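As written, the chain order gives the labels A, B, C and D, with residue 1 at the start of each chain.
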Amino acid sequence: QTETSASDAAAARTVAALPEPVGNLEEPMPPSPVVEDAESDAAPGLDASFGIGRPATKEEIAAIDIDVMPDGSGLPEGSGTYAEGETVYVEQCASCHGDNLEGIKETGAPALIGGRDTLATDKPLKTVESYWPHASTLFDYIHRAMPLHAPGSLSADEVYAVSAYILGRGGILPEDAELNAQSFKEIEMPNADGFVEDPRPGAM
Amino acid sequence: QTETSASDAAAARTVAALPEPVGNLEEPMPPSPVVEDAESDAAPGLDASFGIGRPATKEEIAAIDIDVMPDGSGLPEGSGTYAEGETVYVEQCASCHGDNLEGIKETGAPALIGGRDTLATDKPLKTVESYWPHASTLFDYIHRAMPLHAPGSLSADEVYAVSAYILGRGGILPEDAELNAQSFKEIEMPNADGFVEDPRPGAM
Amino acid sequence: LLLSGGRARADAPPGAIEYPVQPDPTKEQGRLILDDGGYGSRSQFESEIRWRYPTDSLDSSWSMTPLASGHGIITPSGLHFERHHGGIPTIDPATHTLIIHGLVDKPLRLTMADLRRMPSVSRIHFIECSGNGLTEWEKPTLKTVQGTHGLTSTSEWTGVLLSTVLKEAGIQDSAAWILAEGSDAAVMTRSVPIDVAMNDAILAYAQNGEALRPEQGYPLRLLLPGLEGNTHIKWLRRLEVSDKPFMTREETSKYTDLMPDGTARLFTLEMDAKSVITFPSGAMKLPRPGFYEISGLAWSGRGKIVKVEVSADGGKTWTEAALQEPVLNKSHTRFRMPWIWDGNEAVLQSRCTDETGYVQPTLPELVRVRGTKSVYHLNAIQSWHVAANGEVTNVHA
Amino acid sequence: LLLSGGRARADAPPGAIEYPVQPDPTKEQGRLILDDGGYGSRSQFESEIRWRYPTDSLDSSWSMTPLASGHGIITPSGLHFERHHGGIPTIDPATHTLIIHGLVDKPLRLTMADLRRMPSVSRIHFIECSGNGLTEWEKPTLKTVQGTHGLTSTSEWTGVLLSTVLKEAGIQDSAAWILAEGSDAAVMTRSVPIDVAMNDAILAYAQNGEALRPEQGYPLRLLLPGLEGNTHIKWLRRLEVSDKPFMTREETSKYTDLMPDGTARLFTLEMDAKSVITFPSGAMKLPRPGFYEISGLAWSGRGKIVKVEVSADGGKTWTEAALQEPVLNKSHTRFRMPWIWDGNEAVLQSRCTDETGYVQPTLPELVRVRGTKSVYHLNAIQSWHVAANGEVTNVHA
């Protein structure tokens, strides 16, 4: 036994033989909180106000406050007629909803009219005409979501017009109707009284 | 108002205007349970035996029962000398663990010898020589995991041999040692008594 | 950091990366740590995916969670069901804001960074689309539990309580409803009752420990625990406080429940208690008689599940199943029951009870009141028929 | 099903797919449902990744969870910490088996399909490597909470109780230890006391509702709730029941704790209670004085967390933090405390107590007993220094 132990030759090592953590180990840096707004620098409290965020400006709200409610609030200025609406519809809606507003299965676009007196049958057809309780919903929805591939692209005039057309084709408005913020509020929907409150819990 | 309602023209639609679910809708099929073994067809019970799986055969167990325990159980047939071990070591271990078994930092391979009397210092060097309580662990580990890039490739003879070499270089065995299942069991490790039970909970 | 190892390939399932299978993984090093760039993916041997019901419109469609291969109560984020009305928008969180206005003292504008600085909560909740099961009213239609029940998933959601933000803005006494509006192509809107908003509603920015998934509303969604999924507005950009509901298209034309007399229920928001056996379930085949662990999920929009019973004889006799802890409020609860299939025909059913005492109804009980045209809120007991040859099918029993 | 939309690209973070950001997502349809092939991925704006401590060997290395950007208690599976001794094997579950032998009446061979048919459990548990924090004994070394504490993660695990399988095999009276062996290149082995095995150990095949991730042992791992991570053998292939421990390399050369007197503790299996503040934490910068929600994680290998206290003055005064429900056994528990930073220097600390009454120690208390060379089981109170300029750093205080 010439060599007894290599302990002299062995480099001294500390725990876990870790590489010396010198310099930058390239630990990924965690995100820091970000404060964008100088305005809310007000002294914050623990319970009520955290001093976080800032007041929304009137302009910021107006830019996205697009909803229209049953009482007519939110209806913009402008107007449109059945005749104008027919043009809008033929050009921008008929390809999906059909020449007669009957819907085209392949596009997924539902019928917009028809279906009155079918709700209690075993083939209910729920459309704007037969089912919708409020005309405001029609303006609101077309304005925000239609035409499907260019949502939000219609002017207020165009939405008034195509609404007049759809409601006219559905026999809810006369063909000479012109819609604006005032006349819109007066529309009576056929199924306005067709809705009931949720009886649950307590009923099935 | 010439047209009153397009309800006649509208195709009858049922709930949600779903496409007719006819034919194969290509629902992905869920996995079914699989039973591979006819043997365990025995009537199963709810609590003790589920009749699942099958007995492991002696061959199946032997093929993977590779562990070696401090009492020597699991040591295979075969033998190897310090001299044979030196060849194995030089050819298959030195590139990572170093010519003098001192470890090579860049490879991550630790020192295998040295470090006696360092355990209570502030530069403890924990090696096979200085730290390991059981020689069985050396056989077991080399056999299952080394050399790193060809684990499990050494014959039993080679593992006996390289163990003799490492223990010889560490001054635990003489250089003329030959290891086999019998002589292996007699190895006394320097730090055999260096380990204590976990005093927790109750102590820090 | 780039992916250095395998890559998504046509031959790996979605969400997986294909690596060579090792003939003997104990004889060679495996692939290197972090070759995934530091964010892992599922195994190449796992292939379950969400499934899209083949609606005609691809833009307005839904995909369903593969409940049959789920485990526990958490739904993997990659398999959470989806419902989109205008596709999945791609929104930079650095420019996204939430505006709160209407009947509030101080209209507020919050950035995502602002929201992340506010006091937060994390809660495990299910979401269920109230259209879950809509194909099943009249006859058993879809084959698998993914098709019949896959419009529900459970995640751990983190965000700011909506009440925290509303208090910050100062809601006025007349406040009764809040419009929530998304910034997707549908500019999706729903009206939320103020008591829900002030109770447990969450402005959620995280899901299962990381940011929301894009399909789930990244960077911000509304979470209304227990309420129908459509109300949990994704990609949330605006909250308007009002004294009246807004009567949006999604709460009038859709998500109203048509009764046999032609009237329709409005604002049926809460999801009643429901359960389903996920194993064994439709389109599986039991290979032979013997031991099987029946397992499934139960949930209620009104609180905790207190009991799940299982029947193997189509509802004649019932046995109480074990509820896996933790049993959480408005969360999926996993139930299990050992079962020995004797090789004869069987009809498997589960029936749950929630902490309000509500018991999940049978389909005939539900149809007696609601008919089969109400589309939404089908929460009846589901039946799976096990044939003598082991085939499991969706039946009305 | 192929990915039809975006693809993983060099410019998207790992785990994300890059899509064009929409200038106004309300004005055009978003990307189509299921263009991800049915399994989703995270947002391209989320970039946190596991981080590898730069060990010299890439084959034997570890990666750490980015705790600073975590939410709630669930760790996203893609960010679960890793520890590999021989890389990540790629194993076909159809050919993988588990063999149980040794001091049992009936040696058993179980396929993955067999295991999936047995009675199962799902439990939310943390795993922590006992080497978590090993760089921090002598001086504050790493900068972030990912570096100091990132070797712990929490998932919902599903599998078969080990006791179920052991009962099936019939363990003999002399049984005292079980060897668990993996089928990776290290053929990793640890000895498990029989009482742990018969208590709450799980043969886990699922994680967060889907199959285990490859890095976490796909298709099968051992889960020993509360015990050091190294014992939770991944890619599990064999269990041998014995009357003695096996004294493997990982329980002698490694995972023994060297004391100042040169003796070393064997089988220090349980993970003592520990907590850490994850927000604010090292390398962050607070932009200005004001409100911040302090948040962090606490866990104990011996049961539930009952209390977390937070100090902003380096331990002089303590305030009890709120524990986010659910508070689960051997799971991460999220705590939160509102805090107003006044702009002066502060030292943030958290201290937890578990249901056994054990209180997390200070580092000097721990070092007084164990010295600084024991490598493993550093569970001392962590201190984060907040400078007057808002910079947060790792300190010993």
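Structure notes:
Going forward, a residue touches a chain if its C-beta (ideal position, glycine included) is under 8 Å from a C-beta of that chain, and two chains touch if they have at least 3 such contacts.
Keep in mind that what you see is a predicted model, and the values were worked out from it rather than measured.
Traced through touching neighbours, the fewest hops from subunit A to subunit D number 1. Chain centre most remote from that of subunit D: A (centre = mean of CA atoms).
The geometric centre of subunit A is 20 Å away from that of subunit C, both derived from CA atoms. Spacing of subunit A relative to subunit B, judged by their CA centroids, is 55 angstrom.
Note on chain placement: the centre of subunit B and the centre of subunit C lie 40 Å apart, centres being C-alpha means. Within subunit D, contacts with two or more other chains are made by residues 26-29, 48-49, 51, 55-56, 58-59, 69, 86, 117-119, 185, 187, 258, 291-292, 338, 373.
Residues of subunit B in contact with at least two other chains: 14-15, 19, 33-35, 50, 52, 105, 108, 124, 144, 148, 151-152. Those residues of subunit C whose C-beta lies close enough to touch subunit A in the complex are 55-57, 59-60, 85-86, 99-101, 106-111, 113-114, 116-119, 167-168, 179, 181, 185-187, 189, 237-238, 240, 242, 244, 246-249, 252-253, 256, 258-270, 272, 302, 356, 358, 361, 365-366, 368-370, 373. Put simply, subunit D touches subunit C in their complex at residues 1-3, 7-8, 10, 13-16, 19-22, 25-34, 36-46, 48-52, 58-59, 61-63, 69-80, 82, 84, 86-94, 117-124, 156-158, 183-185, 187, 206, 208-215, 218-219, 235, 291-293, 295, 324-326, 328, 334, 336, 338. The touching residues of subunit A, counted against subunit D in their complex, run 14-16, 18-19, 21, 25-35, 41, 44-46, 50-52, 144, 148-153.
For subunit D in complex with subunit A, the touching residues are 24, 26-29, 48-49, 51, 53-56, 66, 68-69, 131, 134-135, 137, 141-147, 258, 280-288, 290-292, 338, 340, 372-375. Interface residues of subunit B facing subunit D in the complex, by the touch rule stated above, are 33-36, 48-50, 52-57, 60-61, 64-67, 69-71, 105-109, 119-120, 122, 124, 126, 128, 131-134, 136-137, 140-141, 144-145, 148, 151-152, 194-201, 203-204.
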